Every structure is written in C-alpha cells, then in structure tokens.
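Okay, structure first, notes after.
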C-alpha cells in the first residue's frame, strides 16, 4: 500500500466531467493514497444528494458520447430543446451496458474508501445552495484549506 | 508563513474561468506561497488591461450561473444573439450582490501579493496580440520557462 | 539536462485542446524530463492514426480562434451546419501561417523524444474503439498505472 496523497479540485458539474474526479480518487484510495476532493464552482453539483447531471451537448471540449452521436446529431440539432436529455439518457445507457459504475456508485466508493469530500464554502454562499441538499458528513471550507492539504500532497489535479 | 510554491497554467478566457486562477493564486500568496501564473492559449485574455470577459453561455462544462438560469433559458434560447451579454451581466450582478471581488480586483490582489504573471510569447504571436493592450510589468516567456518554476513547485495546476 | 518527471492526463479531444498536452510534453522532454501522457475520456481521440479533430465552435471555455472570429460569427450562426468545419479550417490556416507545428508533428516530436503514450483501457472499451485505428506502439493501461508514475512525478497536469 502506498503512503502517498492526492488532492483534487473538482470544478465542473456535468455528467461526463463527474467521472474523472470520482474515478481517479477511488483508484488512488484503493492504492492506499490519502485523498481529498475540494468541490468548487460548478463542481459543487457533484455533492448533491440527488444528482441531476446532464451531458453538456453543445461545444463540449471533447466530443459527445457515444462517439457516433456526432454523425447522428449535427450541431444545429443539438441546440433543440430536449436534446440534452436525450444525449444524457444515451450516455447513461452506454455506461450501463459497458458495466461502468454510475456516478452515484463511484461517489459511494470514494466515501467508503475514506476520501475526504470538501465543499467550497464561498461557492455554497454564491449559489445560495441549501446545505441540506448536499451530502451529509462532508466538510465545508475555503481555498486556504485546500492548500493545507495540497501543499503536502504528492499529486495535485485541477479537474 | 509557508515557504511553498505554486505554479498555475491559466488556459481559459471566459468570465467564469477567470476566477479560479486569480482566487487560487491570491489565496496561496496570502499563505506565503511563492506563486506564478503562466497565461497561455485563451487564458491570455486574462492579462488584458481592459478585461472584456464573457460567460460562455453554451455547452459550458458545468452549468450557467446563476444556477437557476438553466430553467429560465433552454439551450436553444441561449444561442440567440445577445444572450451571452445578458448572462454575463447576470453573473456580474450576482457576484456583486454576494460581495465577491471582481476579476480585476482579484488580479490586482495577485499583483500586490507579488504573484508573478507570465504571458506565453508563442500565444501572443499566434493571436497577433499587441503587448500594449496587456498589463504593464508582466513577463513574456515560453513553456520551457514554465517548467523551470513548475519543476521545483509544491503544487502545479492546469486551469 | 533535468532528471525530473512530468505526468499528464489528456482528457479533451478537440483541435484546440490537442495542443497543450503535446506542446507541454515535447517541451518538457526537450528539457530532459521523463514524460508520460495518459489519454482518457475524450482525449483518446488524440491517439488516432488519422486525426480528425475539430475546433469546438460553441461554448468553448475560452474563445474561438482566431480571436476575431467572435465578431464575424455571432453565437447563433456558430450553430449552423458546416460552421465547425469552417472554423477548424480557419484555425489550421492561422497556425500554418504562424509557423506553428501541426498536432501530428507535435505528436511525432513527443514520440521521438520518448514521451510514453498510454491509452486508458477502460475508455477504449467504453467507446468500442478499434485499437488498429490508434497509433502503433502505445501502451494500454488503467488509472492505477497512471498513479504509479504520477505518484513519483515532479509535475502532474490534468488537461
């Protein structure tokens, strides 16, 4: 087992960008890394009890999933109302067929592996988020607290 | 005070993504970190004397601010001319009401705290940017110079 | 020459976001860094033998290139069919005029400099990618393998 440490800042709140922090954190934790995720900006969405994440259908810095969607839906169609929901449903179905855990399950895995989840207090205030809509048992802190841990960490990732 | 170091690469040029580099850098500097930000690609926009940053209204890898905007403006409406300006004004107003410093103020705080700001020379050339439109007193250098500092830094973040 | 190490996770698959991992990796390698890039999520596109990358015309977390494109094409026009191809062609032409290497050339430079390229096996499976469409001679591994290298690296970047 490793005695290393990993600090992640999770800043994005779409379904596709929810996977990297939870996959990387749970993998590192399984390897024995002490791991923290600091959720800030749009990333605070990932701490909601009831996740309602959507694929960002337009202008994704990458390409929509599944890969073949590009051919099916030209950009102009992707702007139609309801398209985000369709693409989100397709992505979830794709993940399920491939046996990839849901974001909820990956998040639970992180919690079981004692990954420390911290909500950025400033963003909570900015977005008027009600803390009872967020997971129980998480910490609330500022950016200074992130550096306390990150400054001593072997790996730091801004996601 | 810490004797640690932080190296940031700032690559994005929208209003929402202007906050993370300046908030993180000013926080770290306040904690005593020697801090550098290397501005490259779209991030070079953050060095302009007159900032004219807009929220990227479509396909933001997160969700538009304020959070409730999703309900007000379905994706197809967000593509209408003028919508970016409306959303940008809404975000600025939200920030102001919540007492969060403007990007300009956060940037000034970084400069006062002696955060070193470096413009990527290659990107300046690529975009034909006139250096008199950028802040006075910044450095111009290449990616190799970023590694000189980052290779010795405790925390490295690609934003 | 440095004896340092750089670990990059490349997660984005558009033309504009293809530059940072290859430019940073080739620069670091030229400075003597042992360098690895772990390609995952949309970033796996960057390992295709035949790159067919496009600028993401809408909602780019930054701004479209060339910079002046914003004025020429308001957001609503950018959603029209064919616009992505036009913007991609403009960006490629701009890069060529400025003497900036193509993504293919930068990638070759990385390979010649012995930057280790690793495809995320889980993403390959998820996207049903045929490995014969990807570069020969690359490695396939999971996230745990990324941490083996990153945990010992001087610089870690999530791009």
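Each chain carries a letter (A, B and C) given by its place in the written order, and its residues are counted from 1.
Please note the rule applied: a residue touches a chain if its C-beta (ideal position, glycine included) is under 8 Å from a C-beta of that chain, and two chains touch if they have at least 3 such contacts.
All values reported here derive from a predicted model rather than from experimental measurement.
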item	value
Co-neighbours of chain C and chain B - touch as defined	A
Equivalent-chain rotation between chain B and chain A, CA atoms, steps of 5 degrees	120
Equivalent interface positions on chain A and chain C, same or different at half	different
Distance between the centres, which are taken as Cα means, of chain C and chain A, whole angstrom	21
Multi-chain contact sites of chain A, meaning residues that touch two or more partners	56, 58-61, 79, 156, 158
Residue ranges of chain B touching chain A (in the complex, touch as defined)	2, 4, 6, 16, 19-20, 23-24, 27-28, 30-31, 33, 56, 58-63, 65-67, 74-76, 79, 94-95, 98, 100, 154-159
Chain C-touching residues of chain B, taken from the complex the two chains share	9, 11-14, 17, 40-43, 45, 56-61, 78-81, 83-84, 122, 125-127, 129, 142-144, 146-147, 150-151, 153, 156, 158
